[in-house]
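Two complexes follow with chain A in common, the first pairing it with chain B and the second with chain C.
Coming up: the complex of A and B.
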């Protein structure tokens, strides 16, 4: 099929689809007594955006590109607005101004001090912009080091607080005796013990898979590391299935919007 | 306020000692063995293949803000950019976090300057802040990959659901793809769409693997010794529980 022929067919399909959509809208206008122009325009915009993005499944095209940039601009603008209103104004500027006001009216109370001190993170934050000055670049490193140091310090604390309970959770008996679970049948004990063995071998082998500086020559490391790989693959397969179902429900939601809310079929 | 218990303090001191000791060893030139990681070894081939096809390279540092993960990504970016600069190839870097932009730019520029190729490619064409929003970032990366016909797509960092969108676009564009992520939930999607996938703690090893920096290599070795201690505790805990039918070690550690 020649290029021109393909374009003619695509144009014909486009005209037919547009005509069908217009006809559908006229149907709604005539039959729906509660036809809401404002709501319909909203749904049309949402539907066009959705379909524009879905055209990427066929190929990258100007229609997709236009809406990609619309979304990009919208998301960035929205992000800026959220940061300015919810962070800078609500959590920094307003409490700081209030702090200074209290200081000058009622004196330096603890509440006023906590507000006044907000000027420090403001100055430290502004110093980040010295990234763009060759002469004052070193000042941005102060912000950088404070941010990183605080992040690492908090992360370190969390890691150790979480590590110990995680370690102790893996302490499971290879045989579940009567002292641990009284009143269980032999079959239930065997079943619980088997479960524990699966769990323990998985934990140990996966941990050994992530050794980097020990050579995998000896079977004591090589064997468990290979077993750990299998465990990981099984776990990842389960994750894949689970997440795939979540993504499918997102697709169903979009299709439902297009069919039931936009076209109002059925 | 929550205070550390005695076992936590002991472990903290022990782990810190391991890491510091290994860093010291590495600084004094001791050879530290690092096991082969196939996904990292193939990066040179990916850059080479993109060069042969005369298609640009994309290095995606993910959605990490100023964090350890970002530094791991950027150390690999430095390596990739130096390799690409040697071959006069551009490296495209989509950025999702505002703070990461300035740092990525610095690493990128330094690498080209170090190879004597400073000014060969424009920063604003190659490093672009896209969006902090996952949808917009994913879509924009996908569009960029298709438009520029990326030859090698290297995904190093943390990702959310946009991982699949980006990697699928790379797959459709016929790019050789290497993904390296600490985000466990996205690993299956990278496995099905990328040629090589490196995950979990291997991501943190990547920095040491490429830079051979004594601090990174030493801390990696130190962490392995820490894992060995954890492994020892687990085995001991299991044996004690099995033999005495009481979780004595857990009680002791959580005391």
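Coming up: the complex of A and C.
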């Protein structure tokens, strides 16, 4: 098929699809007594955006690229607006101004002081910008040190609190006897013990896999490390399966939107 | 069929244009929109744990729903959010919806859904539930959560409509984290770095923490469920469907998971066909190479 012929077919398909969409919209306008223009325009915009992004599945095209940039621009603008509005103004500037106002009207009350003191983090934060000056660069290091110190402290607490219970959780009995779980039947105990053995074997073998300080020549190291690799492969397979399911859900939701909400079929 | 023709057939299968697969896949999903298949929904233990926990919660304490619904995760997490809110309404448990403005669309989605469900269940805003003013988590959100745990009204101040929390019925008596019976987070991840509930609230104060997340993130969450740090987990649309089944109220989750099963079957068939084609081609090319 020649290039011109292909273009003619594509144009014909486009015209037909557009006609069908217009006919569908007229159908809704005529049959729906609660036809809402505002809502319909919103849905049309959402549908065009969705389909523009899905055109990438056919091939890279300017239509897709344009909408990708619209999305990125919108998200960046929204991010900036949110930071300025919700954080800088609401959490810092407005309480600070209020603090100064209270100080001048009612005197230095504890509430006024807490507002006035907000000027300190403001100044410390602004010191980041000394990074652009060779002469005053050292001042930015003060802010850097405060941020780093606070971040490390909080991070340490978070990591410690998250991981410690998991480490203690790995101390599982290989045989769940009657003393450990008195109410369980023998079959349940065997099953629980089997689970624990798989769990502990997995933990140890995967840890062995990540010992890179000595060569894996001896079977005591090599065997568990290889088993650990298998465990990791199974885990990665589970990750992939879950990833597929998440992406699939997004597709199903979009198809539902296009069919049920935009076209209002079915 | 001659060997060459068979070879050509398997080559076509193996090197099939992916766009054909995309088209077939899209057709299948669209078809499922019209013909709604009903698939059995198993109940994972982590979803059952959350259900049982909500059943046991006291009615004089507040539940916090940390709602980070975004357009990208709505497909999986909306069902989880709806199911849990429905359960809280059914049990007459007061709850507060909390939103982070890093996901600005979450505010709209969360508010719309909660208001709609309240209307359906005959519940009243302020008396039965509240939507807190959205806050932006700083990069080191742990400090913010520490302050939040000690003084909730001081940290949140107003609801989403600008009403001070002191004037809201279900917020009376809520001062600190000891007045909270459960934190349920609906988000892409089960524990976001900026809002580390487990490290700064659950592990410090022992407040039960449950999560609803997308399926991708669920594999990471299970060690926390085993260790008791997460008291219940709804993983993806399957988690939402399981919870809907426990509530006996099929909804978005059940509908999504049924279509998902069919689409997964399609992909499974495609993978099997691809592998058979590869084996068949290998079987025919090896004797030729040997000759």
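Rule of thumb we're sticking to: the second predicted complex is superposed on the first by the 243 of 266 C-alpha atoms of A that agree within 3 Å, B and C clash if a C-alpha of one lies under 4 Å from a C-alpha of the other, contacts with A are read in each partner's own complex, and residues count from 1 in each chain.
What we mean here is this: a contact is a pair of C-beta atoms (placed from the backbone, for glycine too) under 8 Å apart; a residue touches a chain by one contact, two chains touch by 3 or more.
Here the structure is a predicted model, which is why all the values come from computation and not from measurement.
Taken together through their common chain A, the two structures put chain B and chain C side by side without a clash. When the two complexes are overlaid on their common chain A, residue A:78 makes contact with chain B and with chain C alike. Contacts of A:260 after superposition: chain C is touched, whereas chain B is not reached.
Once the two complexes are laid over each other on the shared chain, residue contacts for A:216 go to chain B alone; chain C is not touched. Taking chain A as the reference chain, the count of touched residues is higher for B when chain B and chain C are set side by side. When the two structures are aligned on the shared chain, A:12 is found in touch with neither chain B nor chain C.
Legend: residue contacts after superposition of the two complexes on their common chain; A:165 is shown touching both chain B and chain C.
Contacts of A:151 after superposition on the shared chain: both chain B and chain C are touched. By the document's definition of touching, both partners, chain B and chain C, reach A:243. With chain A used as the common frame, the shortest Cα distance separating chain B from chain C works out to 5 Å. Touching of chain A by both chain B and chain C, each in its own complex, is seen for residues 78-79, 151, 155, 160-161, 165, 168, 239, 243. Taken in their complex, chain A has these residues touching chain C: 57-58, 78-79, 82-83, 86-87, 91, 150-151, 154-155, 157-162, 165-166, 168-169, 235, 238-239, 242-246, 248-256, 259-260, 265-266.
By the touch criterion given at the top, residues 2, 4-5, 7-8, 11-12, 32-35, 66-68, 99, 102, 130-133, 135-136, 139-140, 142-143, 146-147, 161, 164, 169, 184-185, 187-189, 191-192, 200-202, 205, 220-221, 224, 227-228, 230-231, 233-235, 237-238, 240-242, 245-247, 249-250, 253-254 of chain B touch chain A in their complex.
On the chain C side of its complex with chain A, the touching residues are 19, 22, 26, 29-30, 32-34, 72, 74-76, 101-102, 104, 134-136, 138-140, 142-143, 191, 196, 198-200, 203-204, 214-219, 223-224, 226-229, 235-238, 255-256, 259-260, 263-264, 267.
Of all the residues in chain A, the ones that touch chain B in their complex are 53, 56, 59-60, 64-65, 68, 71-72, 74-76, 78-79, 128, 131-132, 140, 144, 147-148, 151-152, 155, 160-161, 163-165, 167-168, 170-175, 177, 179-180, 200, 203-204, 207-208, 210-216, 236-237, 239-240, 243, 247.
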